[in-house]
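These are the structures, in structure tokens.
Next, two complexes with chain A in common: one pairs it with chain B, the other with chain C.
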Partner chain A sequence: MFHCLPRSSVCENDSPPLFSQWSAPFLRSFMPEDSTHLSGGGIHGEAFSTRLPGRGGLSPLEFYMPIAEYLTESPINFGQTSLRSAPTNLLNIDHLHPSLPSISLPPPTPFPISPSVPLPFTLSHGTTTLGFAFQGGVIAAADTRSSCSGLVACPASPKVLPIHSHLVGTTSGTSADCALWKRILARELRLYQLRHRRRLSTGGAAKLLSHMLHPFKGTELCVAATLCGWDGDDEKDEEPITDKYGNISTNQVTSSGSNNQSTSTAAAASQPLISFTTQQVVESRSRICGPRVIYVCSDGLRLKGELFSVGSGSPYAYSILDSSVYWGMSVQEATAVAREAVFRATYRDAYSGNNVDLYHVTAKGWRRRERENLKEEYYREKERERKRVAERKAEKNKEKFNV
Partner chain B sequence: MEYLIGIQGPDFVLIAADNVAASSIIQMKHDYDKMFKLSEKILLLCVGEAGDTVQFAEYIQKNVQLYKMRNGYELSPAAAANFTRKNLADYLRSRTPYHVNLLLAGYDEADGPGLYYMDHLSALAKAPFAAHGYGAFLTLSILDRYYKPDLTREEAVDLLKKCLAELNKRFILNLPSFTVRLIDKDGIHDMEKLPVGPK
Partner chain C sequence: MISAQAYGENGKMKEYHYTGPVEHKFSPYAFNGGTVLAVAGEDFAIVASDTRLSEGYSIHSRDSPKCYKLTDTTVLGCSGFHGDCLTLTKIIDARLKMYKHSNNKTMTSGAIAAMLSTILYGRRFFPYYVYNIIGGLDEEGRGAVYSFDPVGSYQRDTYKAGGSASAMLQPLLDNQIGFKNMENVEEVPLTLEKAVQLVKDVFISAAERDVYTGDALKICIITKEGIREEIVPLRKD
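The block that comes next holds the complex of A and B.
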């Protein structure tokens, strides 16, 4: 019937949209009027919209979330091949004691984690990401291996994604979920910025992401992100920041292209500039603006802190970071420590490896360091070790001769 | 893993919570505050499943504040406790129950101090002393033995220290520090964090 749609009907939306949940009226809003109904999981089973009268449609706080219709149904009814599903790790542990937290390490043997739809392959969440704040800004680093139980699906996947000029997020968990939710977050932050003429703070972005992920709690959505950003001054320094805004973003684009050629010279050149601006910023209202690191997890955890590491390789990274990170460290030191931490984690953890990505966020925005292959670092380490062993042998021989 | 404790005196309530925010075996934060201020004289202590705690506690917190804005006066601790319990009960048999264990501590002008124990099955009990977590197994008998209804503030702090000493001695996990607060007719007072580290 509709093999040839006339253009006018498409423009005028005569035919019902194919995916009705994507069109404007079906909005999920989080307005103060909704305080008596918690925004949890579509309990009443309908998508509703509230519009403030006389505001021309959308109010600033409303935003759209892709809520699949199946969330309003019981998972038992949806697409399950048999009523008897594989028990989850979470359910078993909850049974023991209510205050025991759910374990989120990857299972030792691959088995499906209670799929309501049969999965084509087993999921496994392996990565090493880290983020920490210090006097010179925020460092965000991650490995680049995407694994799928035993297979390295992609050895060069970016796990640190920039969200806007002063915010990057490290991703851990399911790659597809992370990529999607980062984009959704970037969209919402951009809308907020256009509506309110200022950037949303990192804490606000974390809260927004946490509340967007809350309805999906209990499903297999797995996103564990560390938002690393710099909160800037508002009105007083608004003009300079917005003036530089266009410049900074284009600079980032061009410099990241040339970064591939020479990272060391770029780092040296921008070093004095960065320290100058941070000094300026720190002098004025250092409580409101400054570096921020916030961990957001899809099971609802939201923690503000100064140092976080996420993923299967995080224990190895923590042990390096805990002893070496302090507030007063320089940018070179911080970069070196972050690199070392990821390297050690990739050395020990099977699910982390390949390259390391490093981002540095300051008041001027984020700067990306060239992706480094850790294979060379591994061989350099082996070489150093061999030399040390040879030296020690030579010393022992000398002592023998002397005695 | 997490620990909450509350002791009610004749004109005050003393409450303490540990400061660890953990994710499986890693301590992600050492200075995490598990107490949520509902009003000038009511505190809600919340432990349980990772995201549920903050979501539920903030929901209750905002609703209690909304009540004050709408009606001009604050909810009493008893009313706030019953409101919290009702919400827990409503969500208990839904698809997304809140897996949280709570202590609500408050001071009312008319009724005096009150400590309310709530658990994830939405039970509610007003108790003179209460504890949540694995640590409760170790410390409730200490409270049973040494508690008296007319204990002074110093005696209550001593009793709390006894409980924390027992945890340090026998609990398998390391809980290095606890936030301690006291509620009386003058409001909420922050007290020194226990145990105090070596100086």
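The block that comes next holds the complex of A and C.
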């Protein structure tokens, strides 16, 4: 059970250098009188430390070993924007961080390809997650198995993490990376909300996450997240969106997809005089508000779409989703399809299993469905199969008898 | 002790065939064995660990317990690489003191768990090779267990086994404490006496089958009265 993400108390902004010392004490001894730590001057991300061992009390190891700067950089301090920097320049970190240059150069690219330190253990991978948008909002679903090269490390890990009231993210990849980066994203979005007095859109959140992950491209960080959210002028969208089959009333929100024509012709049939202008209004509004699904990957990929499935079980989930998802489906249909897709994926994929988590995001926020154990479903399926076989046998016998 | 790659994964020795010249790379990690277990009950928590410290085919010590008392209501169990365990516990102790001095109260179990997650993730690209399990009482006095992976992913559980014998113990705990994969079973809540007896039985079984577990078992029982310790001997071979 993941704790609900702390809204404002995640960031310990007071003295990042202090805490980074305490997390990695072996690399540099903390000498308060050494001003180079605090002013961030001098070293521009060099791979080798050229500071002499005598000065500043650095350990002799630094003199001999190459230091890839990204090894010492704590990912948690990254991404914090200082109030004075330009809002677009996300890479200009506050001046107190010792390992980054004081002028606004891009941070040093980490040494590519292989990790410098071979790990004696594997990290958790393998999953099935999916997210899709439809007229009633966004559905995000995932399995709950967390495996570690053959061992199920946790049969009940939450893979769909709420980020804020109208945004939910599914996680795939290394679970520690996903959990921490979601937390960092939640912190940044909350700060944005406090500074600009409005929520950042899903596209904006996706861009932010993608840019925060960019310096770690090439390292073994592995995050593949689907951000599912609802953008909107919240107060006006309080009334329920549509009835069962996607007949949309004219002042509501529709998708920007191909279904616009069919729904607006339905609207046009009922109100012929004003249909043309309302279609324009509806289209322009739908570009700002509505359900959004965006896929963000630590490789740097960022895709906006209506349906995504990520993970080792995603091919199996796609087959169910592609055949059953359409824009006008009802909420019950959508949840049933999502659940079925995850169930089929867990059936075939060894690295997915255990339970299904389902979240539904609407204009009012996200709602979580009860976590469902798939073991019962397997037994029900077996029972149905057994009944079908028995029926077929009975019919065959009847035919034989009649003939 | 830092070992060369001759030991391979998990401290087990590599096979002896001649395959050609092999380049030995220096590995900063070693595997020192040990098993840790934590169980949370209604108003208690138990953290238990064996006390054997080994490396490859040798035993360094028979009296090196892996439970570390953090506060009056929280105990941390860590197994894996002993060097990283020591450093990690020193860092956590220091951070606890800092928190106590700046906030004038002791850290709660949940807060310690969140802090440990960030400490571990701070070393994402050169991780602490430690499997952590925190056991303690939460603010309402209920038992809480938090289990971690080496890079800081964590969640709250009712029971968890970590370390070399974890793959053997976890299914047994799933069955006996979680009542999983059993039909027609009455789910009685776990009492303290039953939990302690279960932990002892489970470690005796682990010592039989896992070479890195044995010597003695140290159990820390956390209740609102405080932390009580029990030591039970295990197989020494």
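Details
Following the convention adopted for this analysis, the second predicted complex is superposed on the first by the 236 of 403 C-alpha atoms of A that agree within 3 Å, B and C clash if a C-alpha of one lies under 4 Å from a C-alpha of the other, contacts with A are read in each partner's own complex, and residues count from 1 in each chain.
The rule we apply is simple: a residue touches a chain if its C-beta (ideal position, glycine included) is under 8 Å from a C-beta of that chain, and two chains touch if they have at least 3 such contacts.
Note that this is a predicted model, so its numbers are computed, not measured.
By the document's definition of touching, of the two partners only chain B reaches A:Arg302; chain C does not. When the shared chain is aligned, chain C comes close enough to touch A:Cys154, but chain B does not. Looking at the shared chain after the overlay, A:Leu194 reaches neither chain B nor chain C. Applying the stated contact rule after C-alpha superposition, one finds that A:His214 touches chain B and leaves chain C untouched.
Contacts of A:Ala176 after superposition: chain C is touched, whereas chain B is not reached. Taken together, the two structures place residues 74 of chain A in contact with chain B in one case and with chain C in the other.
Against chain A, in their complex, chain B makes its touches with residues 1-2, 21-26, 28-29, 32, 47-55, 59, 62-63, 66, 91, 94-96, 99, 101, 119-120, 132-134.
Looking at the complex, you find that chain C touches chain A at residues 9-10, 25, 27-29, 31, 87, 91, 94-95, 110, 114, 117-127, 129, 147, 149-156, 167.
Looking at the complex, you find that chain A touches chain B at residues 35-36, 38, 40-41, 43, 74, 94, 97-105, 210, 214, 217-218, 295, 297, 299-303, 305, 308, 314-315, 318.
Within the complex formed with chain C, the residues of chain A that make contact are 1-3, 20, 22-26, 70-71, 74-76, 115-121, 123-124, 148, 151, 153-154, 157-158, 174-180, 219-221.
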